[in-house]
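Next come two complexes built around subunit A: one with subunit B, the other with subunit C.
Here is the complex of A and B:
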């Protein structure tokens, strides 16, 4: 037993040093970074897409297809996670109704969810939600955007779900409402991406005019709602409530 | 510049060590997240080498950093969230099936069941 332990730790050490020697030249060497892309974006990004935040200009203007693919990856992973978790929750519900979202006296262990956590997260939740909407709506002119705002929205919803001291279900931690918002915003993303085709602008073209930030604001709102509700519904499912209840 | 690179290299190695040396599945998933953070930091550092200011195109801004790595890392962060969520759900499933997070115990119990 002792010998096999020594052997396995030797294997781990050899693997560790091999990967260290392989990666050291890649991570530690410094080549001159090309600045053609930066210069082009500095000259043209604001004029061509209407967004003065050039990161937003890339992922919603030049490379909007990338964002669509990313949203699809998120959708697939949420689907997989929910499928795995919902089966577990259902099986568990029959023998012990002990989820993280129950009130204090009904849970078996109260160590993780204390009064302090409930009060602080309940009071912080609305402020975090407001900040999330700000980051989402001002993503085209300031640091932020749909994905970042969506994640902040999701943490606001999780805060509200944790700070909910009664067992009453609100609209924001109801998985059915969240799933509906998610589906609707994905439909809206598809509609918005194809709407430019009717005006002859191509896939993800701006249907109204060529230079306008309005389309980027719309896409930011849609992506923010999509990401926020997906991650929030996943977290709420991990706390023990799913849309099949 | 060398200090930052060395620190990022060390963060990467910490994540890699967490993956290969731990038997606990949740700690392995944390290791994946640490590696992802190291890669994100490396790309942001590389992009910031040719400029000093944030890539918000106002009138006063002259010397912006490269926004392309930042836009790519936005994708990487979302993919990392997806991967860790799926991996955590799968590990909870394994825990329900075998009653342990230790990979050796899981393998033993699953091979006994067959």
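Here is the complex of A and C:
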């Protein structure tokens, strides 16, 4: 008992030492914060990319390649998760892999899903979906953007799936439909990003910059759909798996 | 205000590490996410705050709770 106490206090000490070691250069330095980049963005971001939210201007205008890499990472991780989940379902050879949709007395798992939770989340779902679309569509002028709106969309879809009291399978809680939307939006992202090359604007360049400056809205919609449907399909597939130990 | 939030975050994170029950840890973790979202709003970074609130308090909590409900708890007899 004494030995374990000593060991845990040692761990705490080492943790604090590491934190101090990491933060010391930031706290002790007298170097002023660099603000050239900030000033440049403040002056030029709205004119050069068409987005008055300069965070959107960075991640879909100046650094759009990084966003492409990020969505690729998300795609790969969702693919891995779904592969593992499908393998688990096959091993258990259950005849109905999606017990998520059954009513309360028929399913063995998810006993904590009471009527209260179902009613509240079913009524809250559409509002959350609307807010997600708002954050996604207005990402270029107000805080938010494709990724944030997509995650809110995903939680709205999960709410709707939790609050589904009939046993019917709708399009919004079918993981296959969601995964199909995800794949098509990734294809659309690649097509949209290469379309600038045909007009001589470079990769991720705006192909119609002489007509409209807001190429970023299109990219926000595509990224939002992709992120939202991928996270929602993963959550629904995880919660719908039958698991009786 | 910032200092209060930071102290609360530090206290909650110590609780997350020290707590024996994993479910308590996960709920405290989502509390940390909410507090840091508030901190980001106060520091005028609303984009980061939206992301933190949606991912940290929403999706990751759901996934953690799902994972904990499907694992068994086992303790050593003597410490």
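Please note the rule applied: the second predicted complex is superposed on the first by the 193 of 245 C-alpha atoms of A that agree within 3 Å, B and C clash if a C-alpha of one lies under 4 Å from a C-alpha of the other, contacts with A are read in each partner's own complex, and residues count from 1 in each chain.
Operating definition for what follows: contacts are C-beta pairs under 8 Å (C-beta built on N, C-alpha and C of every residue); 3 or more make two chains touch, one makes a residue touch a chain.
These figures come from a predicted structure and were not determined experimentally.
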Of the partners subunit B and subunit C, which touch A:135 in the superposed model: first, second, both, neither?
-> second
With both structures superposed, pick whichever of subunit B and subunit C touches the larger number of subunit A residues.
-> B
Could you say whether A:65 touches subunit B, subunit C, both of them, or neither, answering first, second, both or neither?
-> neither
Thinking of the overlay built on chain A, is A:4 touched by subunit B (first), by subunit C (second), by both, or by neither?
-> second
Scan A:143 for contacts with subunit B and subunit C and give back first, second, both or neither.
-> both
First, second, both or neither for A:190, with subunit B first and subunit C second = neither
With the two structures laid over each other on chain A, which partner does A:199 touch: subunit B (first), subunit C (second), both, or neither?
-> neither
For A:16, is the partner it touches subunit B (first), subunit C (second), both, or none of the two (neither)?
-> first
Regarding the shared-chain residue A:208, is it in contact with subunit B (first), subunit C (second), both, or neither?
-> neither
Check the residue A:119 against both partner chains and state whether it touches subunit B (first), subunit C (second), both, or neither.
-> neither
Residues on subunit A lying within both footprints (that of subunit B and that of subunit C) | 53, 55, 143, 145, 147-148, 151, 231, 238
Contact set on subunit A toward subunit C in their complex | 1, 4, 53, 55, 135, 143-145, 147-148, 151-152, 154-155, 158, 231, 235, 238-239, 243
In the complex formed with subunit A, which residues of subunit C make contact?
-> 46-47, 49-51, 54-55, 58-59, 62-63, 66, 70, 79
Interface residues, subunit B side, partner subunit A - complex = 1-2, 5-6, 8-9, 12-13, 16-17, 20-21, 42, 46-47, 49-51, 54-58, 64-68, 70-71, 74-75, 77-79, 81-83, 85-86, 88-90, 92-93, 96
Okay, in this complex, where on subunit A does subunit B touch?
-> 9, 12, 15-16, 19-20, 23-24, 27-28, 30, 33, 35, 37-38, 41-42, 45-46, 52-55, 57-59, 63, 66, 70, 73-74, 76-78, 80-81, 84-85, 88, 91-92, 141-143, 145, 147-148, 151, 227, 231, 234, 238
